[in-house]
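Below are two complexes that have chain A in common, paired first with chain B and then with chain C.
Now for the complex of A and B:
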C-alpha cells in the first residue's frame, strides 16, 4: 500500500483513464488508436489501482473470473461478427451504408467524421478492446497473486 | 523546420540521459521511474515522426503497464541494488 497522496490521486485519475480508454475504443474507426490501444489504456487504469492499494482491498474490487469472462466474451463477439457476413465472405462488412446500426450512408468526399458509420468495424473494435482489457488485467492480477505468495 | 529538428535533437539527448540514469541508479524505484520517462519520451518521438498509433500503444504499455509490473516486483523483493 502506498501513501495517502498516491491513493487519492489514483482514485481520481482512475475514472479519467477509463473514460479516455473507452473514447479511444469508440473512435477507433475515425482517429488513431483502436481496440488494442484503448484496451491497453483501460488496463493501465486497473494497474494504477492495483499498485496504489492493498491486496486485500483489490481482491474484492477486481475479480479474476470477471476479467477472464471479459476476455472470452470479446473473442466470441469478434468471431461471431466475422462469421455473420459468411453469406458473401468471412469478415464481410454487411452493415456499412445499410442504414442500420453503424450504417449511416456516407457520400464520397471530405466529411468531419461521423461516429455512426463503418458497419462492423466499431463492433470489432469494441470486441478487441474488451478482450485486451481482460487479457492484460489477468496478467497483472496473476502477477500480484504470485508476488504475494513469494512474500 | 529548425524548431522541429531542434526538438528532435533535444528528445534524443533526453532519451540517452534517461536510459543512462536507469542503469546507474542504486535505488530500483528510481530506475523504474527513469524507464517510465524513457518510454514517455519515446512515445513523444513516435508522435513527432507521425505515427500516433504506435505512440498511443507505447504510452499505454511502455509507460503504464510495465512500470506497474516493475513496481509490483520491487514491492515483493528488495528495493536496493545489492553489490555481489
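Now for the complex of A and C:
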C-alpha cells in the first residue's frame, strides 16, 4: 500500500481515466483510437488503483469473475453485431445512413464529426472496449495474484 | 432459411459457428458442464456439415466461391466505384480450400468428442474448449481466406490458441516450456511473414492474393518475399531445418490437441502451396522453387524418420513421424510445382500433386488417429515412456485395433489409405527422378520398423498394467477417423475423384482463381 497522498490522487484520477477511456471508445469512429485503445486506457485505471492500494483490498472491489464475464460478453456482442448483417453479408453495416441508432445520414464534405453516425462500427467499438477492459483487467489481476507485500 | 441462402453464405457461416461457439463456451460452462459439452459437439458437427456443403458446392460449380465481408451483395469482390481494385476482407474458396476445410473440421470434430472423456478430470475446461474452437477458426480462416493480411491474422489466432493448448497440462512445467518455445518461434515466424506482406503491399498496393498475383512482376524484392514466406510457412508446417518446435509441441500437448496440431501444420502447408502456386506461380521461376520444396521434403522425410527410430517417448516418436510424413506432401506437390507449365506436368506432375494432396487428408486421419491412441494409452497408463508400457492389448482391445489400423496405414500397407497416396507419389515421382522415389520407399520401410517397435513395446507381451478400456467418447473420436481411413483405403477413387483431383486442378490453375476474383466474383 502506498502513502495517503498517492492513494487520494489515485482515487481521484481513477474516475478521470475511466471517463477518458470511455470517451476514446465512444469516439472510435471519429477520432484516432477506438475499442482496443479505450479498453486499454480503462485497464490502466485498474492498474493504477492496484498499484496504489493493497491487493487484498482490490480483490474485494474488482472481481475476476466479473472481468471474465465482461470479456465473454464483449466478444459475443462483437460477433452478434457482425451476424446481424447476415441478411446481406457477414459484417454488413445495415445501420449506417438508416436514420436509426447511429444511423444519421452524412453528406459528402466537411463536418464537425457527428457521433450518431457510422452504423454498426460504434457498437463494435463498444464491444471491443468491454472485451479489452475485461481481458487486460484479468491479466493485471493474474500478474498480481502471487505478489507479496514488501514490508 | 432457404437452401440457396445457406449455400451462398456458407463460407462465412463456417467461421461464424465455431467463433460464436468459442465465445459462448465460457458463459455456458459457468452454468452447466453438460450443456457446454452439448453446445461444443453441436457446433463442431454443424461446422462439419457446413464444410461438406462447401465441398459439394465447389465440386458441382467447378469454380471458386467468393464471399466478401460487409459487401452488398455478398459476392461483390470488386465494387463498381473502386476502379477495378478488390476491397474488403474476401474469402476465396476453391476446391483446395474446401478440401482443407473438410480435413480441419473432421479432425476437430473427432478431437472434440475425444476430449470430453479425456479431459474430464482437468480444471478450466471451458477455456480448453474455447481455445480448441478458436484453433479451428484459425485453421479454417487460413485455408478459406483470399487476402494475405487476413491470412496473417488467422495464422496468429491459430498460433496463440495452439500455444495455449499445448501448455494446458502443465506437466511439471515441461508442457509450459514446449508451449513457450512454440509461441516464441511462431511469433517470430509470423512477424517475418508480416514483413513479407508489407513488402508486397508497398510494391503492388494490394493485399488481395488474386490482385497481387495479377500484378506480380517477380522483382528482386519479390524473391526476398518468396524466401520469407517459404521459410516461415515451412517452419509452421514443421519441415526439417525448422522443425525444432514440433517434437516438444506435439509431444507435450493433450492427445486431441496433438491431432489438431497436425491439421494446423497442414493449414500452414496450404499457405505455402497457395502462395507458391497462386501468388508467385505465374511470374516466378517455379522450377527452382519446386526443387527447393522437394529438397525440404526429402530432408524432412529422411531426418524425421531416422530421428523417430531412436525415440522412446510414444508421442515424441509420433511427432517425428509427423515431420517425416510432411515430407511426402512437400515432395509430391514440389514435383508438381517444379514441372508446372511444362509438358511433364500433364504426364506425371499433376499425378504427383494429387498424391501429395491426397497424402494431406490421409495423414490428417491416420496421424490424428495415432495421436488419439497415444493419448488413450497415456490416459490409462499415466506415462508416455515406451519402456514402462507393455501388454496393453490384453485389456485395451479397441485401442489396440485402432492403433494397428493407424500404424499399418502410416507405413503404407494396403488396404489402408496411406498405401493409396504413397503409391501415387512413388509412381509419379519415379518418372521425375528415380532417386527421390526410392528414398521415399526407404523412409516408408523405416516407418514400418519404427511402428512395429511401438506396437511391440506398448501392446504386446505380458500384462504389466491392470487397466480398463478407455471411455466411450474417446473410442467414438478414434472411430470417426478410422472410418475415413478405411473408406479412403478401400475406395481411393471416391477420394481421388471428388476431393483430391479437383483440389489439385484448382491449385494448378492460378488464372482461374485470379479471373474469378477480379472478374467481380458474381
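The working rule: the second predicted complex is superposed on the first by the 147 of 151 C-alpha atoms of A that agree within 3 Å, B and C clash if a C-alpha of one lies under 4 Å from a C-alpha of the other, contacts with A are read in each partner's own complex, and residues count from 1 in each chain.
Following the convention adopted for this analysis, a residue touches a chain if its C-beta (ideal position, glycine included) is under 8 Å from a C-beta of that chain, and two chains touch if they have at least 3 such contacts.
Remember, predicted model here, so these are calculated numbers, not experimental data.
Asks: One more residue to check, A:89. First (chain B), second (chain C), both or neither?
Replies: A:89 contacts chain C only, not chain B.
Asks: With the two structures laid over each other on chain A, which partner does A:37 touch: chain B (first), chain C (second), both, or neither?
Replies: first
Asks: Is A:123 touching anything from chain B or chain C once the two structures are fitted on A? First, second, both or neither.
Replies: Neither partner.
Asks: Can A:24 be said to touch chain B (first), chain C (second), both, or neither?
Replies: It touches chain B, and chain C stays clear.
Asks: Considering only the contact definition stated at the top, list the common interface residues of chain A for chain B and chain C.
Replies: On chain A, the chain B and chain C contacts do not overlap at all.
Asks: Could you please specify the touching residues of chain A with respect to chain C in the complex?
Replies: Listed in rising order, the residues of chain A that touch chain C are 68-69, 71-73, 75-76, 79-80, 82-83, 85-86, 88-93.
Asks: Residues of chain C touching chain A in their complex?
Replies: Residues of chain C touching chain A: 9, 12, 15-16, 19-20, 23-24, 26-27, 67-74, 89.
Asks: Write out the stretch or stretches of chain A touching chain B in their complex.
Replies: 24, 32-34, 36-37, 40-41, 43-44, 47-48, 50-51, 136, 140, 143-144, 147-148, 150-151
Asks: Where on chain B is chain A touching in the complex?
Replies: 52-53, 55-57, 60-61, 64-65, 68-69, 71-73, 75-77
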